[in-house]
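Read through the structure below, which is laid out as structure tokens, and then see the notes.
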Amino acid sequence: MISLSSYLFISLVLFLCGIFVMVARKNIIAILLGIELILNASALNFAAYTKFLNNNLEGHIMSLFIIVIAAAEAAVGLGIVIRFFQLRESIHIDDASTLQN
Amino acid sequence: MNSTVVSYFSQSNEFQNVTNWLTQILGFNASSLVAFIIFAVFSLIIVGAMATIGGLGTYAERKISADLQARIGPNRVGPFGILQFLADGVKMILKEDIVTTNADRFTFNLAPVLCLVGVFATLAVVPYSSGFMLADLNVGIFYLVGMASLVGVGVFLGGYASNSKWSMLGGMRGASQIISYEIPATLSIIAIVLLAGGLSMKTLIDGQGGAPQDWYIFHNPFAFMGFFVYFISALAETNRAPFDLPEAESELVSGYHTEYTGMKFGLFALAEYIEVFVVCGVAVALFLGGYKVPFDLGSGQILVEKLGLDGMLAQNIGQFLELGSFFTKTLLLYYVVIWVRWTLPRLRVDQLMTLCWKYLTPIALVNLIGCAVWMYAFNGKSIFALIFHAAGSAGGH
Amino acid sequence: MFANTLFLASACLTIGGAIAVVYSKNLMHACIYLLASLFGVAGLYTCIGADFLAATQLVVYAGGVVILMLFAIMLTGGTSNKVNRFGLEKIPAMGNKKTFFIASFAAVVSAMIIVKILIPVLKQNPSSALSPNEPTVERLGTLLATDHILAFEISSVLLLGALVGAAVISRPRKEIHD
Amino acid sequence: MSTLNLDVYMPIVILIALALLVAGGSLFLGSLIRPQHPNKLKETAYECGEEPVGSAWANFNVRFYVVALIFIIFDVESALMFPVAAVFKKFNEIGLGGTLLMSILTFVSVLVAGIVYCWKKGDLDWVKSFNQTNQPTIAKKD
């Protein structure tokens, strides 16, 4: 049961859920949740490939750095959200339109 | 599968017989099933023991505080009031379960369960004795750090879900305190990992000897400081006084569990008391030699030689003695935790953060670097080994 | 036997959590479902012997990112539906039918693309020769300390940048230039 | 044939299941015997006897976020440090301890720069953000 295809399927579902959340939601924090799902899907893929294709641990290193980068991204992203909220009193993505036009 | 309780039992003949018998009956390799049964039984034993220890913790807390304040403490239920915790448990189950109207019901019910899951899951890697450990993971201590951080989420969600100002303040404070003090604790743990060269609890304990001069706390001055940094952080992480700001009754009523009644409150309390035991156990395992005593008990050799006992029996008795050694050390630390609670006044919230970020974290970083430099400079020898070596060479000269 | 049980449980937790994130209308609940999903991913890591990655997942996500998200939700007004002062109430923050339609379209398109990419990989059907338990921590540490030392060091610079940048952005200010 | 043996993780699953069982069981047991007389007054949030005003889900001060931010950076740092720390002893035994020590030093000192920056800018001071003039030293007056 534990096979590469099942892992790819799970990570595909995770990725699609992430895409869906990113597109459907208008709340910036919810969009960041979607991004976390997508990053998890990719990290899971790396770990699965390193297990089933070649058994050196390079994929694990990649997954590790993906987790690191996801954490840094969440920190900066949420910092921006909080600053935006202080300025605009809103976390609606359509309010972040100063640079439009 | 080394040095867990299953591998310990697999040394005996009965285990092989039972496994073979089951394999014949069921028609597939039953070793996994037997392992599952043994694990389940021992998990039940441990959870039962921990619930008792958590219950007795509340009793001990009241009795010791009464001692320190020249009172008598609970003395009605059972001899010396020792059954008080059972009475408390029954009372909690019988209390009405109130969920406030504005509360977020789903989160409200989830929060205590999350706390309990986080604490129970850490019990798997606590090294009780050399043969009696539930899971000897390769990432043991790191796993423990990760699981323990679930408690912070539980505390925050408990405070959030109640939708009461006191709860919310307590939850925010509690979560930020727990996560802040995780940093010095983790850095102290990394310093010990540097000395031991491995993350599994087995490696960490095997690097130490039975006698106090072989413990990691006396390995070098940095590890000595690291113990105190870890212990203070552990106190704060478990919301114990003098760091019990999240539930400071004089300013926040009862903190994040203001709105919790009955058994849900009981689950929070149970999780807290068991977590105190777990962090004390980790402190013992990392710094105070774990289950080790100055002579080798785990294999039972010494009992065979001195008392002429049968091999397996001697080993079992040795294991139980090791268990006793671990529990004695841990409960001594537990006593210190309670003692500290009733001795020191509570910190203010800004003092709490100052202590964490301006004192403990820099000290922990210095300890980490210091341990690395010590390992490099003295090739991993402890300070006592160096002193004995110097004394020996001076005497030989 | 146990491996399959663990795998199934983790997979259900992961997928169920992710789908619950999609369907949840409450931001706080979505965050809790995300925690469940991340837990499931940790379980999936253990199923392929990546024990260190699983523990990292627990430490960084369960302890760190989720707490950060919960804090950010609290700092931005919780789940209360405030009327925002630019009057953009046409679209509720957690989406409406239109956004959900667009999102499902995007998901279907990306699913087709990904499946198209994956088909040759799955056709090979790589032999899943599972290797026995081996401590990944030491090998990972050795790799980090030798081959990937540059990435290891640069990640500290990345973390420094994230720390300084986010602190500058979110630092409380007395006057808000608006 | 050697397969991946996951039996080591059994106790963790069992313990998590037990935690759920203990929580659910005690709550279920209680629901059979405990009284259940809800009334409106009982179900209001506790606010020292006053009527609760508004929701508690208000905006909190941003310094909570700054603390969480520093925490997550150090959390990730510790996650990266653990494997390197675990191999330090082995490297030291084969004579590579010096180089690894240098890389650990570099790694930690970069992060120390971060915490020093936050310290200098006052992000670590809990009170400063609303009381700019009265710099809190750790309460010597008290």
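By letter and in written order, the chains are A, B, C and D; residue numbering begins at 1 in each of them.
Just so it is clear, a contact is a pair of C-beta atoms (placed from the backbone, for glycine too) under 8 Å apart; a residue touches a chain by one contact, two chains touch by 3 or more.
Keep in mind the model is a prediction, meaning the values are calculated, not measured.
> Using mean Cα positions, find the chain sitting nearest the overall protein centre.
Minimum centroid-to-centroid distance belongs to D.
> Which chain pair is joined by more contacting C-beta pairs, B-C or C-D?
C-D
> How big is the gap, in whole Å, between where the Cα atoms of subunit C centre and where those of subunit D centre?
18
> Taking each chain's centre as the mean position of its Cα atoms, how many Å separate subunit A from subunit B?
Each chain reduced to its C-alpha mean, subunit A and subunit B end up 34 Å apart.
> CA centre of subunit B versus CA centre of subunit C: separation in Å?
So the centre of subunit B lies 29 Å away from the centre of subunit C.
> Roughly how far is subunit A from subunit C, going centre to centre by Cα mean, in whole Å?
Result: the chain centres lie 5 Å from each other.
> Of all the residues in subunit C, which ones touch at least 2 other chains?
2-3, 47-49, 52, 56-57, 59-60, 63-65, 67-68, 71-72, 74-78, 130-131, 133, 136-138, 140, 144, 155, 159, 162-163, 166-167, 170
> Could you list the positions in subunit B whose residues touch two or more of the other chains?
1, 32, 36, 137, 142, 145, 160, 172, 176, 179, 182, 198-199
> At least two other chains touched by the same residue of subunit A: list those residues.
Within subunit A, residues 2, 64, 67-68, 71-72, 74-75, 78-79, 82, 86 contact more than one other chain.
> For the complex, give me every residue of subunit D touching subunit C.
Touching subunit C: residues 2-10, 13, 55, 57-66, 68-73, 75-80, 82-87, 90-91, 100, 103, 106-107, 110-111, 113-114, 117-118, 121, 123, 129, 132 of subunit D.
> Which of the residues in subunit C come into contact with subunit A in the complex?
Against subunit A, the touching part of subunit C is residues 3-4, 7-8, 11, 14-15, 18-19, 21-22, 27, 30-31, 34, 37-38, 41, 44-45, 47-50, 52-53, 56-57, 60-61, 64-65, 68-69, 71-73, 75-77, 82, 84-86, 88, 91-95, 99-100, 102-104, 106-107, 110-111, 114-115, 118, 121-122, 125-126, 128, 130-131, 136, 139-140, 143-144, 148, 151, 155, 158-159, 161-163, 165-167, 169-170, 173, 176, 178.
> Can you list the subunit C residues touching subunit D in their complex?
2-3, 6, 9, 46-49, 52, 56, 59-60, 63-65, 67-68, 71-72, 74-80, 130-133, 137-138, 140-142, 144-145, 149, 152-153, 155-157, 159-160, 162-164, 166-167, 170-172, 174
> Would you tell me which residues of subunit B are touching subunit C in their complex?
So the residues of subunit B in touch with subunit C come to 1, 32-33, 36, 104, 106-107, 110, 137-139, 142-143, 145-147, 149-150, 152-153, 156-157, 160, 172, 175-176, 179, 182, 198-199.
> Quick check: in the complex, which residue numbers of subunit A touch subunit C?
1-8, 10, 12-27, 29-30, 32-34, 36-37, 40, 43-44, 47-48, 51-53, 55, 57-58, 60-61, 63-65, 67-76, 78-83, 85-92, 94-95
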